[in-house]
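The structures considered in this document are given below.
Look at the two complexes coming up: chain A is in both, with chain B in one and chain C in the other.
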Partner chain A sequence: MLVLALLAALFLLAPILIVVPMSFSTAISFQFPPPAYWLGYYRKFFTSEEWLEPALNSLIIAVGAMALTMLLVVPAAFGYVRYRFRGKSMVNLLIMSPLIVPHVVSALAYYGFLGRAKLTGTLPGVIIAHGVLAVPVAFLVITATLKGFDRNLERAAMSAGAGPLRTFVHVTLPVLRPGMLVGALFAFLSSFNEAVVALFIAGRGAATLPKKMYESIRLESDPVIAVVSTLLVSAVVLGVLLSVFARRRPSMRLDT
Partner chain B sequence: MAYLRLDRLVKSYDGRANAVDDISIDIARGEFLTFLGPSGSGKTTTLMMIAGFEEPTRGGIELAGEDLTRRKPYERNIGVVFQNYALFPHMTVARNVAFPLRMRGFPRAQQATRVGEMLRLVGLGEYADRYPRQLSGGQQQRVALARGLVFNPDVLLLDEPLGALDKSLREQMQVELKRIHREVGVTMVYVTHDQTEAMTMSDRIAVFDHGRLAQVAPPLEVYHRPLTRFVGEFIGDSNFFTGTVDAARPGRVELDGLGPIQVDVEACRRIGGGRVDVLVRPEAVQLAGAGGPTLPNSISMKITVIVNYGDSVLVIGDARGHPVRMRLPGAPPPAVREAATITVGWLPTDAHLIGVRL
Partner chain C sequence: MAGRLRRNAAAWLLLGPSCLALVLLFVVPIAYVLLLSVTDPRLTLAHYQRIFTVPLYTRVLVNTFLTSLIVTTACLLIGYPVAYVMARRSGWISTLLLTIVAMSFWTGFLVRTYAWLVILGSKGPIAGAYQALGLGKAPQLLFTTFASTLGMTHILLPYMILALFAIMKKIDVNHLKAAASLGARPGAAFREVFLPLSLPGVVNGSLLVFVSCLGFFVTPVLLGTPRDMMISQLINQQIDELLAWGFAAAVAVVLLAATGVVIAVYNRFAGLDRLWG
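Moving on to the complex of A and B:
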């Protein structure tokens, strides 16, 4: 069983891991195994405006999209978990729809919609699109956290003399914080890695890293892509490790 | 002298069935009152209304002459202890206990002194800097108790606080709770479905039956003189017979299928006449005949089951199709063995009559 599992893991991971040695390669195009190793392409990435600008755009968009997602999802999750209302399952379906609709279709829709609002090729435009696309993942994480929240904690706080606001600040929010952080992290990553919608709407003005990579690989097979891929994979691994750490924080659990 | 007064409280969630149906109780200052009843009998809902977490559909709640009915939980001065402890997981024990004082704006130095006092009261002086997850269930419940008491509440409400603990710990905590009640003197309203807990701790027990109040009385009165058959069956072990009282012949009940028995004349007069439920507690049933005392009420029964508890024996027999339960202290005498036929009886004063309202 263990051997099988390792083989499966290898099968899944190998293509990703291959880019790591390639990023240190001296070859002028993609070549495996690399003829020799150097850091030249890293230097190129960190010095060329052509790559740094999309990297910065990606970062700004991901942070913006994360903020937008949380603004939408946190109140929605509270409403969804804590209240009963007519059409609740329809609302759930609506919130989940970005996950169900193919990205190309969403991309096309955003292209038309944002174009009319004169937001294509701008950072706010991409932030809006990415923010909405990240809603389902963040919603799933945060509703799950909220369902596990013991409402007697809020009652205990209220009988202790805390009004609704102070109960939220001193009790609800701190107890839910790890789940919220994981939700925010997923939103961030979903935007940071998104390529299809970005290709349609980011244009020149708000080009993101995945979009730049796609264009670069089509036009020139520049090994800098291996560098960017390596950096992205590292960032994702770091992010996942962080979220695992946040989940393992004992304050997340209420039992002993 | 009512301190906390529940006045015809009604709570309905769907507008049709009443989860709590016309509950009125006057609770004295410093009293330990227990709400006892099976799950779904409305006892917790009533408690939640006193705490302010649920709003009554009708009726009112008064504390020391002030109307509390529409007041928010944080505007009442009432402490609550929950079954699942509900300690704040991100705060230390000391900060949990200090929380009500912080919310009420007590000066910092006073907070520390008061928290220290409370932790000593519940025997957790050493644990101030631990987190709740580092404590056992019993210790967590003590912290919750300290948090509920620290701000000198007018009333402390406890919702099945020992329900999650194992038996020996539960008994230990019962004693502890009684001690704390004596030392602090706060009015306590305690919810449980455990009749032993209710019997051992309470000044008075309020028995809930389907959202209604079946009886409010001291434990021994509830035990020996239940107002309804439900109360008699819910609290303690019981034998119930049905029969008829003839108003012309006081002191006598004609049991269905078992013939006439003698009962207390006064009890009969109180009932008047008509159908009655007759309660005889198993420990009041004695061995009669063959060397035993002669009892005015005796029936013969065939023993079906003998259950040995070590300190006592429960004998279950069959008397002409009616099950009879008898509890004897110590070990069973030689005559008591399975399938044997014995004569048992009880004193007229040990039969409690409950009039059956048709």
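Moving on to the complex of A and C:
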């Protein structure tokens, strides 16, 4: 089992690491091992509008989508966890539906729907779509945190004379903050990595990084894609290592 | 009674706006697709008839289904040992594996698809190894069904591992100790005790991977061949190249229905809460 597991880990890891040497390669095409090394394509990435603009769009969209997701999820999670009411399972199904519906179906739906509202090819359009699609993941994380919340803390604050608002701001929110942050991070990453819906609706006006990568692979084999991949992989490696070693709580990020 | 009503009101005050927004911004667009599939260009069921009778399209359906089955099986076979070691061992090996799985999980689809493009390409390491070993020219790997299946397996593997791991780490070690103390050899203890207890994870992971695979788009387009089209490629082609809204919508509805059936079956036997819980 151990050998099989390590082989599988190698299968997972090796392809991700191969993009690093590729990014320093001088080759115009996808050649491995690289014939020689330089930094030229890094310079190209950091100076070309063609790549910087989608990168910036992706950041703006991911932040906007994250805000929209949290706006939808936080009140809903409180209502869902703290109350019993009729139609709860229907509500659960509604909130989870963006996860159940295949992304390509959602993409087609948004293409038609946002197209009618003249929102395809705009940042708000993609923010709406990504914000809605990230709702289930954020909801799962935040309801899990809420379920683990000890309500005696609130009762104690109230009995000590704090009003509901004060209790919420000074007791409930601080305790829930880590869970909320993880939920927000999930929403951000879900938007930042999303490709299919963006391909359908982002157009030229709001092209995201994954869309640009898709097109550069499909149409022109631009070696700059190795640079972008390396930067993205570095960010992921940094984030995961930080969470594993600094906080020693890797499970929190994965299977909440 | 009044108290209950007030509680209900509070719940809906919190949930209402979000639910309304989800209906407007998600259910309505999806319903619009359903509507288009029977009304574009006029009221008709012809699109559905075409999907299930024209061999070109039935082949896409069959191919999507088979590919998803193969990818799911491959993910299960490769992922099970990883999750097993992660759950049963403590210390650095478990941490190492978890770190690798997490990295893979968070790396975007496009980065990983690009990586396979390099590895399988005609100037890639495999082609290079062929030449170095004097085996002549490597077979065409890229833009084949093999490449797209491999790419999808690689991308969906972390989901399978995490689903398996979530169940396996809850298995009580004492069950295995009890089996051993009753004289079961390690192999038998695994077969008779651990494997059955891990089955819910197998079901969860398989559902997750299978359903994701049914609607997979980016990787088959970039690594595969148009001859072995997946459903989502068909949808994109109909919209992108032909602007055939009605037909594309009908294909999307078929995909949605297939996904719905798989999930409904799962819900019937296992309950959806357990997948998300």
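One rule holds for everything that comes next: the second predicted complex is superposed on the first by the 234 of 256 C-alpha atoms of A that agree within 3 Å, B and C clash if a C-alpha of one lies under 4 Å from a C-alpha of the other, contacts with A are read in each partner's own complex, and residues count from 1 in each chain.
Here, a residue touches a chain if its C-beta (ideal position, glycine included) is under 8 Å from a C-beta of that chain, and two chains touch if they have at least 3 such contacts.
Owing to the predicted nature of the structure, the values given are computational and were not obtained by experimental measurement.
Looking at the superposed arrangement, the partner reaching more residues of chain A, out of chain B and chain C, is C.
In the superposition on chain A, no contact is made by A:L39 with either chain B or chain C. Legend: residue contacts after superposition of the two complexes on their common chain; A:V233 is shown touching chain C, with no touch to chain B. When the shared chain is aligned, chain C comes close enough to touch A:A109, but chain B does not.
In the superposition on chain A, A:P174 makes contact with chain B only, while chain C stays out of contact range.
When the shared chain is aligned, chain C comes close enough to touch A:L2, but chain B does not. Contacts of A:N152 after superposition on the shared chain: chain B is touched, whereas chain C is not. Chain A residues in contact with chain B (one complex) as well as with chain C (other complex) are 250-251, 253-255.
Remark: chain A residues 1-2, 4-5, 8-9, 11-13, 15-16, 18-19, 22, 27, 29-33, 72-73, 75-76, 78-80, 82-86, 91, 94-98, 100-106, 108-114, 128, 132, 135, 140, 189, 192-193, 195-196, 199-200, 210, 213-214, 217-218, 225-226, 229, 232-233, 236-237, 239-241, 243-244, 250-251, 253-255 touch chain C in the complex.
Residues of chain C touching chain A in their complex: 7-8, 10-15, 17-19, 21-23, 25-30, 32-33, 36, 78-79, 81-82, 84-86, 89, 93, 95-119, 121, 123-125, 128, 154, 157-158, 162, 165-166, 211, 214-215, 217-218, 221-222, 231-232, 235-236, 239, 245, 248-249, 252, 255-256, 259-260, 263, 272, 276.
On the chain A side of its complex with chain B, the touching residues are 150, 152-153, 155-163, 166, 170-171, 174-175, 250-251, 253-256.
Chain B contributes residues 51-53, 72-74, 76, 78-80, 82, 84, 86-90, 99-100, 103-104, 131-133, 135-137, 140, 144, 147-148, 151 to its touches with chain A in the complex.
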